[in-house]
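The following pair of complexes shares a single chain, subunit A, combined with subunit B in the former and subunit C in the latter.
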Partner chain A sequence: MNKKEYEKLVKKYSPSEDKLKNALMAFVSGGIIGLISTIIYVIFLKFDMDSVTSTAYTIVILILASSILTGIGFFDNLVEKFKCGIIIPITGFSHSMTSCAIDNKKDGFITGLGSNLFKLAGSVLLYGTFSAFILVVIKVIFNG
Partner chain B sequence: MASMKFNNVYLGDSYSVASSLEAKGNLKNLDLVINDYYFGLKTFEGAEIKMQKIVVDYLLQNNNNIKLIVGGDLSNQLAITAFMASHYNISYLGMYSACATFNSAIISLASLIDLKKINKGIAITSSHNKVAERQFRYPIEYGAPKPKRTTYTATGSVGVIVTKEKTNIRVESATIGQSINSSIKDALNMGAVMAPAAANTLYNHLKELNIDIKYYDLILTGDLGIYGSKIFKELLNTKYNIKLNKHIDAGSILYKKEQNLYAGSSGPVTLPLVLFNKILKEKKYKKILLIATGSLHSPTLVNQKNPICATAHAIGLEVIK
Partner chain C sequence: MIYINAFILVGLISMIGQIILDNSKLTPGHITSMFVSIGALLSFLGLYDKLIEFSKIGSSIPITSFGNLLYKAALEGYYSKGIIGIFSNMLTTTSAGISASIIFAFIISMFFNSKD
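Let's turn to the complex of A and B:
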């Protein structure tokens, strides 16, 4: 049996994932997070804040909330249910850092927590910044 | 491949520790159930060392003249087993065959006993879901979503005395498996990684020792999982022309279906947990072939886009009434 035949055999017996259900759950849960943040944002606007400041505060609140939920061991249960719906928004970014921090806390503050805090979030930061840079270059070229 | 028959090698006392998750599954009469992944300590690694130590303490209390501990776990450099062994004034030989470690430990002890170099020794293995998860996959609290084909590392430790004194379980024969390149690069599909190794070891065991498959009442594989077992059976059918009459996969039956733990249990402790706390307690089978399967995967090599290798070691057991 060669490599190709075996891969075919494995594929035959691999269970199919409920992609539609997962996508729907992610759509709804991601939407709810969007809704919650819009509500928080509007509340801040009511308190005479300008839109830039209220955006910043909204993000801080979401980061804090998901970080606390990770800390009390609740967020991973949510991830199990809603998957990418709560991993893709900023809640997931915060969750990835807090979970790394908890995981490596006992390996020492420098060798554990410090060096592993960005284990998962590092790629988001690097490629996020890099793609922002590319987009700005494109924008400058076309819009001046 | 190296296949061998043993004359006077037996399995004596055994002791099993597992977490409450495994206890809620299909296992019976576990010696100790722990309800807390930390086991009262500060780290998961410490908890795994403590589990192993409890097993060895029990076995040493009830047996004299033990000169050698052979065993291993999933942690890097077998640090956990080594740390456990440092508590005793006994020789220690670490073994890494991933989830096939238990069988490789028994085979090496059985060979030494058969050669009359030692009289008895302890074979031990353990795995801890959180220790393995941290080392091989994501941080624990991250709870990364997993596909259905993945297996769930069991938490527990099992040790057994391998001895020349007669007991009711005889170690008849063994086959040491090859390292087989599965050509699979998916670290979440261990069943598919290990199935070719299991089929290859079974085929060679039967061929080299000139045994018919009907000789065994039960073929007990380690942790192929629900989907890996199907691949294993089809491989045997199409490639080796072997028809299994009775096959159980320990990983597939350790947890109950309603526990919903993906494709079943994995980890080196899976096979001994099911063997000592289910199969042998049922007293239904006389000749059992254990095929422990191990996925020898390293996150580094997987990240470098290499396929994963696997191994499988077989042990033939005879239950004497």
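Let's turn to the complex of A and C:
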């Protein structure tokens, strides 16, 4: 077996295992974020708040935590390891904004930080808002 | 029980994202944008309420809840204020997440510098 064949073989067998591992890692890490947020949520419920307010507090706390962890540089390691488990929850949104802010700070407050803040989060806002708009229009036309 | 449900729901949505990421050429940016739109679509089809029923807090943590909230807020705006309500109500319920992200991103970036 020459080197090329060997590489082909490795390519054939290794990714599927990695994919399974990645998927499990994403499940567990996403689940842990869900678990942590439930704990925060329940604590706020104990303070006589309704579920909407508690949810808002939970989201703000998660955003603050991921923003701080991004600043420290700890979050990049987590993203590398757990990928979608961190990116899909709201933590990913906050992470993308904070990291864009920090990375572009050196180019100045306006041309660097300000104009690049939504570099990654912008697409989420754009496509979320636009698809919501289109769907509302469809709903209104067909259901009145 | 609500702990387990939240774990399962957030975990599953993250896992679906990871599987798509691994089996396609899409970047995480594509995945998150796609998931927001999917959230709005599920809300439109009335399916997102099933997720909320399964886990109230778990359903509001993944980025899909953004789409759900945008759609619901805009629709509610239409019913209460007419066409202008779609525009003026669209971002109301997601405001906490967006403003917190902006404010904290700015404050945190004052204290830390990028490593490279």
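By definition in this document, the second predicted complex is superposed on the first by the 116 of 144 C-alpha atoms of A that agree within 3 Å, B and C clash if a C-alpha of one lies under 4 Å from a C-alpha of the other, contacts with A are read in each partner's own complex, and residues count from 1 in each chain.
In this section, a residue touches a chain if its C-beta (ideal position, glycine included) is under 8 Å from a C-beta of that chain, and two chains touch if they have at least 3 such contacts.
Model, not experiment: these values are computed from the prediction.
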Would you check which partner chain A:I110 touches, where first means subunit B only, second means subunit C only, and both and neither mean what they say?
neither
Contacts for A:A132 in the overlay, against subunit B (first) and subunit C (second): which applies, first, second, both or neither?
second
Once the shared chain is lined up, is A:T98 touching subunit B (first), subunit C (second), both, or neither of them?
both
One more residue to check, A:S51. First (subunit B), second (subunit C), both or neither?
second
So, does A:E80 touch the first partner subunit B, the second partner subunit C, both, or neither?
first
Mind telling me which of the two, subunit B or subunit C, contacts the most residues of subunit A?
C
So in the superposed three-chain picture, is A:E7 touching just subunit B, just subunit C, both, or none of them (first/second/both/neither)?
first
According to the stated criteria, A:I141 is in contact with first (subunit B), second (subunit C), both, or neither; which is it?
neither
Look at A:I88 in the shared chain and tell me whether it touches subunit B only, subunit C only, both, or neither; answer first, second, both or neither.
second
Can you list the residues of subunit A that meet both subunit B and subunit C?
15, 70, 73, 83-84, 87, 98, 100, 102-103, 106, 120
As the complex stands, subunit C meets subunit A at residues 2-3, 6-15, 17-19, 21-23, 28-29, 31-37, 39-41, 43-44, 55-58, 60-67, 70-71, 74-75, 78, 86, 90-91, 96-98, 100-102, 104-106, 108-109, 111-115
If you look only at subunit A, which of its residues touch subunit B in the complex?
1, 3, 6-7, 9-10, 13-15, 17, 70, 73, 75-77, 79-80, 83-84, 87, 95-96, 98-100, 102-104, 106, 119-120
Can you list the residues on subunit B that touch subunit A in the complex?
42-43, 134, 138-145, 147-149, 182-184, 189, 192, 196, 227, 230-231, 234-235, 238-239, 263
Residues of subunit A touching subunit C in the complex
15, 18-19, 22-35, 37-39, 41-42, 51, 54-56, 58-60, 62-64, 67-68, 70-73, 83-85, 87-90, 92-94, 97-98, 100-103, 105-106, 113, 117, 120-121, 123-129, 131-133, 135-140
